[in-house]
Each structure stands twice: as structure tokens, then as C-alpha cells.
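Next come two complexes built around chain A: one with chain B, the other with chain C.
And then the complex of A and B:
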């Protein structure tokens, strides 16, 4: 079984071509990044606002918990049922899949962002205001740079979940590495299923490493010192 | 120059933080707001830069009602130092200090130059300017906090418990530094502390605030010690305020000339305590010439305790006398020996000048 999986993974024929691992990885990445961007566009501003003003924190906390409990497959089917008659072509399937992924990604990004902003040293915030920063300047110059490590870890954990869950796009007939799982199951090709799973895990780790590099470049070395000692 | 006119701060729950405060902070010098916790001293301070808005009354800065100026704009012209420095951890020391100049709209080059100047003023190095706050000690961080408050060239600097989070030795250094900066720059410093010793050391004027946010007394340190307005102030100023008052009296004590010997020089037996000096005439210590005579051995020289500069306060003079093994306190001027004083001489001079009352029946009570 393990041998067969490796054989499948090492067979060049499985890598290239339209339905190959490379092409499906690209498709997988495309959904994943689209979903991450959309989720960040929603969650980061809300997180900044909640963290900065301290308002509606209870809502953010409860919403985050509730979102985490949503079953992905259920949402996918409901979204397909609702959207299928209203959208045309590929979008009729892509949109539901993206909605699932975005809903999944919002909680970690939202909680990372507001926790990061909220964790700003009260003395630094007080000093910033006392020196004459406006609310927006405090947010941009003090709270956001300080929150970046937590915002970035929110994004990374969201991305891990997105990449893992993006396999369900295949259920509604779309591409991505999930194809190997669905098709493998249909044709009882367990080597293909296992190989596809390994490819998903490898892709997730690879993307996480890339994001770790982004984090290293974006976060001030002053904050690294703080966490180190 | 900073004028509180009937300023009251009452919170929504009815607590009165500051009760009808009227006060005029003079231009230049250090004015200290002191009192127990919850007396409204920090609230009063934070009303000067509109971090807290008064419920009623008004505050004038250079004759201008501060509520008429946009808060952020007002604050950029007032230095602000807080207890835990509040440095921005993601910015280097230099970038931290550049904050206010940049907020004032100065270009990068000018802001940088101003920041470097401020960093040097507080005694930090160019090398430290490149570091991040987490790489500095607490005392150094607080120096950065002071530099950051000075970089925008403010005429008024507010300090809220600036030194209470650092250890006592560093605190002493920082206090001296703040005093020096105030004199060099001619700025007005308003400082909040709960530490009466710090208030008495640094304050040119001290506002003692009591429970319920009312001003108990506003006076110079010497007045405060000599004539506390009520029991609360007397209590707060402390039990040893008699000793503390000695710091503010500089009696004219006739310093007696003192013979000095050098190490190796011959002394006659039974000379008692003799002051040993080096070749330049600088005092080195005392030697007890009791049951012996001859050349003075170096190992018999004892340190002389504290030394007073000529014209020092009664406290310093007395301390020199009391800490000297011979009972005679060494007085120096510009590194040269002037002579010695005894505790009796200091007290006598103080009685003569009316710093100390003469009890009836005492030998000094002159007919």
C-alpha cells in the first residue's frame, strides 16, 4: 500500500498534463489564496475595529466560536442549492466552494487580529495618544505593527485550514488536489487517494513556510526581541 | 503660565476625582503634584494635555483656553512622560524619539536631527539609538521616554510618576538628569508623584492634594516643611520633616581652619584626631593619634565620611560632622580644603538665624 502510494507519487505521468498533480496544485492554490484574501478583507478590518475600540468584543468572540462549529460540507451543499439556479458556468460551483473556505478562514484571522490589537501595551497606547496621535495614527503606527505577529499567525492557521478543506471543491466537480481523493475513491484507487492526501499536506506545509518568511520580513525585529527575552 | 480655574472632574458614577482646583503653575521650574493614590493628581496632570476633560472650569496655557485647541494638536506641543515609558516596541530608539517631530510635520532629516539631539541630551549613545526598547534596561527605557518627550521642543513637559518603576539608584540618577535638563532648557515641568521625598527633592513648587481631589497646600518645599497648612499635609510630609527641613536651610557657619598632615609626617603623641591630606592638600582621611607618636602610617588613615561643599545646606553640613570619626565635618570648595565644622556649630548658627527655636533654659539662650 505504502509502496503503491510512492509509486503513484513518483510516476512522472501523474505530475504533468491537464489533470496532473502540478496543474491540480495550481488550481488548489488559486482557490486557497482567493479564499484567504476574501476572508482577510472581511476579518482584518473588523478585527482592527473591535481591537481598537474594544466594542462588540463579545460578538466577535461568540461569532468566532460559532463559525468554527459550522460543518463545511453542509454549508457547501446549501450554498450550491441556493446559488446554482442564480449563477452561470464555473461560478455556480466555484462560488459555493469559496464561501465555505471563507467562512472557515474568518475566525482565526478575526481572533488573531483583535487579540493582537488588544494586546498592545496600554502604556504605549497612552503615550501615543498623549504625544498627539489621532485614533487612526495610533492604529496604523502603534497597534497594527504590534499586532502583526498575531495577525500573521491568524492568517497562517487560516491558510492551513483552507488548503486542507479546499479538497471539498472536488465534490462539486471542480479541480484542485481534492480530485485525486474523490476520483480515487470512485475508482477504488487507494494509492491515488493516499498520494493526493500527501500532496495536500505537502502543499499546506510549503505555503506555511512561505508565509513564515513573509511574517519574518513584515514583523519588526524589535518584537522578536521582546518575545525572545 | 498653566492656570487651573475652578477645575472639577466628576465621573458618571458620581466620584469626584478633582474638586474645584485653582492653581497657577509658574513658568520654568518643576511643579510637583503629590498626594496619596486616588487624590486626583494624575487626573489633574492629564487634564493639561486634554487626555481627561474637566467636568467644569477651565485650564489656560499661556493665557489661552486649551479646550479651544484640537486635542491632538495641543498634545504635540506638550511633552508627555509616563511611568512605564510606553515606548513602541516595534520601533528603534531613534524612531521612537522621532515620533513627535514627525507628527509635527517636520521632514525626515530635521526630525532625525532633533531626535539625535534629544537622545544625546538624556545621556544615551548613538549606538543605543539603533536598538529596540526590549534591548534596554528599565532606566534606559525611561531615558528614551524623556528624550521622546523633548524631541519636539516643547515648553511644557508633563511627567506622570516617571521614576517609580525604576530602582532607587537609577531613580536618583534620573532625578538629577531631569533637574539638569529643566535648567538647561528652561522648560516647565509638571510632575506627578506619590513619593514626598521625590517631591521635596525635585519640586520648586509642590501641590499637595488630599482625598476627594482637593488641593491641600501649594507652596515651596521649605514652606511646606516649615508651615504645613493642616494636619493632613503635616502627616503627609512625614514624621521626620524636621530633618528634611534641614535641606532647605543654609546657615552661615564659620568654618574653622584645620591643620593637615601627610602620610609619613611626624605627629606628636596625644594630638587626638588629625586630618591627613595628600600632596595637593586634598583631605584623605582622619588618623587617631592617641597613645603613639611619630610618622603617620597609611594604614591608620580612616575615611572621613561625607564631605560638605562650602555653602551647603544644614543637612549636608550636619551629616559631614556626624559621619566624621573626629566629630568635625570636612568642608571643601572646588576640591580644596576649607576647614571643618562641628554639629554644635551648625546648630548654633541655625539658632542664631532663627531656623531653630532656642528652648528656655538652654545655655545658648543669651540674655
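And then the complex of A and C:
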């Protein structure tokens, strides 16, 4: 079994071409980054507002908790059944898959963001106010940079979950590394299934390392110690 | 779970067997003569129907009708049971047993005596290597590999098999009645179906080799036939692979394309029965059912059972009253 899996992974024919590992990895990354950007566009502003004002914190805490309990497969089926008659072409499948991934990614980004803002050194915040900064300036120049380590770790944890879950796009006929899992199961090709799983795990680790580098570059050197924690 | 249900099945089957002391029980039959006398002096004298059954060639005692665990098979089992009971044969049912692996074991150990089968599925189960696809060849293949003591009766025209379907609009627009008609258009059409259809020899590859069809794209849909039909009706796929008795065909006015080259193996509905339970009456009753069943009326009944949620036993009763 293990031997067959490695044979499958090492066979160059499985890497190239339209349905090869490389092409499917690119498709996988495309959905994943689209979902991450959409989730960040929703969760980061809300998280900053909650963290900065301290308002509705209880709602954010409870909502992120509740969102984590949503079953992805169930959301996918409901979204497909609702959206399929209303959308045309490829979007009818991509939109439901993206909705699932975005819902999945919002909680870690949201909680990372408001926690990050709240964790900003109160002395730095008070100093900024004392210098006459407005609320918006405090947020932009003090709280956001201070929150970056936690925002980034929220994004990274969201991305790990997205990449793992994006395999379900294959259930509704989309590409991505999930194809190997679904097609492998359908044709009882267990080496393909196992190989596909390893490819997903490898891709998730690779992307996490890339985001770690981004984090290193983005976070102020003075806060390095925080990102390690 | 599985073990206890098998045990329950065995017990349920043993009780009536010992109660009627039928000649079919190998432990009772010490000599051929004693088997004959057991038949003559059967304990079913008080049952008025015994004479009818005897007239058809010997009392076979109670026939236990089983079914696999999906609605269509349950419905067919109810039809068989109803037809036998109408003919005066003593019948009981053990429905929703499970997959073919499970109920074949039940047939072999005598827990059940009769089950509605599909020629192609059975033939492939008995010999995974088969390549024949026509109704006669598939039946012959299945018959040849059946375990001793089991036999297939007359097949019906009704088939629950793989098919390609299109919407009636597509069929009108492109003038499609058979899979062969797709040839000039396939390059612009998207084919949809379960992922295994892509890798099966009689799936996408078979369509290319047998009919010369090269579709623009294959969309693999693994969330069941509902998603496939939805995608077809909404136009995301143009041609879909679903089963011929899917109620969605009737509901959405879909057109099942004929398969003149027999790419999809025949799956005629056929009674699979223990040889010791076959007599003239039983065989005649089941043959009448097979004569009356068609893919169309089976699909209509499936709409009643699956979509309208009617009791399979009642739907079976209606069918028997109308057709037999």
C-alpha cells in the first residue's frame, strides 16, 4: 500500500497534464486564495472595529464559536441546491464551494484580528492618544501594526483549514487536489487517494511556510518576539 | 449490528420451516421416499390454498421473499409476494436485507427463498470478469455461474441500468433518440455523471470506443443523482448518466437515449429463487409479473414510492390489480 502510494506520487505521468498534480494544485491554490481574500475582506474590518471600540465583543466571540461548528459538507449541499438553479455555468459550482471555505476561514481571522488589537500594549495606545492622534490614526499607526502578528497567525490558521477543506470542491465536479480523493475512491484506486492526501498535506505546509515568510517581512522588527508566541 | 441481524434472519427463517415440516428441509429428508411422504402429508391441509398449489406441481410450503435495501427492490419484492399470494402460495417477506453480498448468503442458507434481481448486477457479482452486455448473453452468463440450488426464472423487459439522458428540449433541438445520434454534437456538449463513470470501461472510454463520442468535458458529480439531474435541468451539463428507473426522468420529462450497441450491460429484472421452491404455480405467477413489468411502469411506480412517499405494498397491490 505504502509502496504503491509512493509509486503513484513518483510517477511523472501523474504530475503533468490537464488533470495532473501540478494543474490540480494550481486550481486548489486558486480557490484557496480566493476564499482567504474574501474571508479577510469580511473578517479583518470587523475584527479591527470590535477590537478598537471594544463593542459587540461578546457577539464576535460567540459568532466565531458558532461558525466553527458549521459542517462544511452540509453547507456545500445546501448552497449547491439553492444556487444551482440561479447561477449559470461554472459559477454555479464555484460559488457554493467558495461560500463553504469563506465561512470556514472567517472565525480564525476574526478572532485573531480583535485579539491582536486588544493585545496592543496599552502604554503605546495611551502615548498615541497623548500625542493627539485621532481614533483612526491610533488604529492605523499603532493598533494595526501591533496586531499584525496575531492577524497573520489568524490568516495562516485559516489558510491551513481552507486548503484541507477545499478538497470538497471535487464533490460538485470542480478541480483541485480533492479530485484524486473522489476519483480514487470511485475507481477504488487507493494509491491515488493516499497520494492525493499527501499532496494536500504537503501543499498546506508549503503555503504555511510562504505565509510565515510574509509575516516575517510584514511585522515590525520590534514585535518579532510576539510572532514567535 | 450486522451479525445480530443475520442471526435474527436465520431465526426468522427457521421458525416457519420447522413449523410446516416441509419436504425442503435437508435435516428432515432421511431418504427420498420420506421426502415424498412429507410432501403428501404436509401440515398445510387447513390452508384452503394447498389444493391450488398442489395442482401446480407439489406444495412448496412457505416462500420467503427478500429484498435488497433500496426502494425499487422493496417494491419489486412486494409485487412478487403479492402475485404469489394471489396464486394461493403461502408467502412472507423479509425486506431491506442489505447489499447483494448479504442477501446472497441468505438465499444460500435458506433464510430467504426468492428475491428480485438484476441480470447484469448478478452476473458481475458472480463473475467480475464478464464482458457481454446484451440481455440474453448476460442472462446466460448469470445462469451459468449461479450456485447450486438457485435458479433464475423468466426475465422481464424492465431494466434498471445505466443510461444517458438529455432534456426533451435538447432532444428536440438536436434530433436525438439514441446515443449514436450524439456523434455530430458531442464536441459541444458537457457530459455529467458520477466520478466512477469516467474511469469505467463502459463509461467515458466506452462511449468513445463504441460510439465515437468525444465530449467537450466530463463533469464529475459525486453528490448523487439529484445533483446530476439538477445540473442537467439547469443546463450546466447537457447529457447525464443516471439510472433508467430514476423518478427524475418522469418528473422532468427527460429523454433516455437508446443504446443500440449495448454499451451498458443489460439489467433486466428477474426473480432469483431457490430451486426447491419452484413449482408450476410459483413459476407461472412470477412469469406473469415479468411479462407485465416494463421500465416505464416500474419508473412510474418509483415516482409513487420515492416522490409521493406511498407505501410500496400499496403501489404493488395497485399494479397487480391492474395488470394481472
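Side notes on the structure shown:
As a working rule, the second predicted complex is superposed on the first by the 224 of 229 C-alpha atoms of A that agree within 3 Å, B and C clash if a C-alpha of one lies under 4 Å from a C-alpha of the other, contacts with A are read in each partner's own complex, and residues count from 1 in each chain.
Everything below uses one rule, namely that contacts are C-beta pairs under 8 Å (C-beta built on N, C-alpha and C of every residue); 3 or more make two chains touch, one makes a residue touch a chain.
Only a predicted model underlies this, so the values are computations on that prediction, with no experimental measurement involved.
When both complexes are superposed on chain A, chain B and chain C fit side by side without a clash. In the superposed model, A:170 makes contact with chain C only, not with chain B. In the superposed model, A:187 makes contact with chain C only, not with chain B.
Of the two partners chain B and chain C, more chain A residues are in touch with B.
Looking at the shared chain after the overlay, A:12 reaches neither chain B nor chain C.
Using the contact criterion defined above for the overlaid structures, shared-chain residue A:3 touches neither chain B nor chain C, since it reaches no partner. In the overlay built on the shared chain, the residue A:137 is in contact with chain B alone; chain C does not reach it. Judged by the touch definition given at the top, the superposed model places A:71 against neither chain B nor chain C. Once the two complexes are laid over each other on the shared chain, residue contacts for A:84 go to chain C alone; chain B is not touched.
Of the two partner chains placed by the overlay, only chain B lies in contact with A:126; chain C stays clear of it. With the two structures overlaid on their shared chain A, chain B and chain C come no closer than 50 Å at the level of C-alpha atoms. Residue overlap on chain A between its contacts with chain B in one complex and with chain C in the other: absent. Remark: chain A residues 121, 123-134, 137, 141-142, 145-146, 148, 219-223, 225-226, 229 touch chain B in the complex. Interface of chain A with chain C (complex): residues 77, 80-81, 84-85, 88-89, 92-93, 170-173, 179, 182-183, 185-187, 189. If you check the complex, the residues on chain C that touch chain A are 192, 194-196, 198-200, 219-223, 226-227, 230-231, 233-236. Interface of chain B with chain A (complex): residues 49, 51, 72-77, 80, 82-92, 99-100, 103, 132-135, 145, 148-149, 158.
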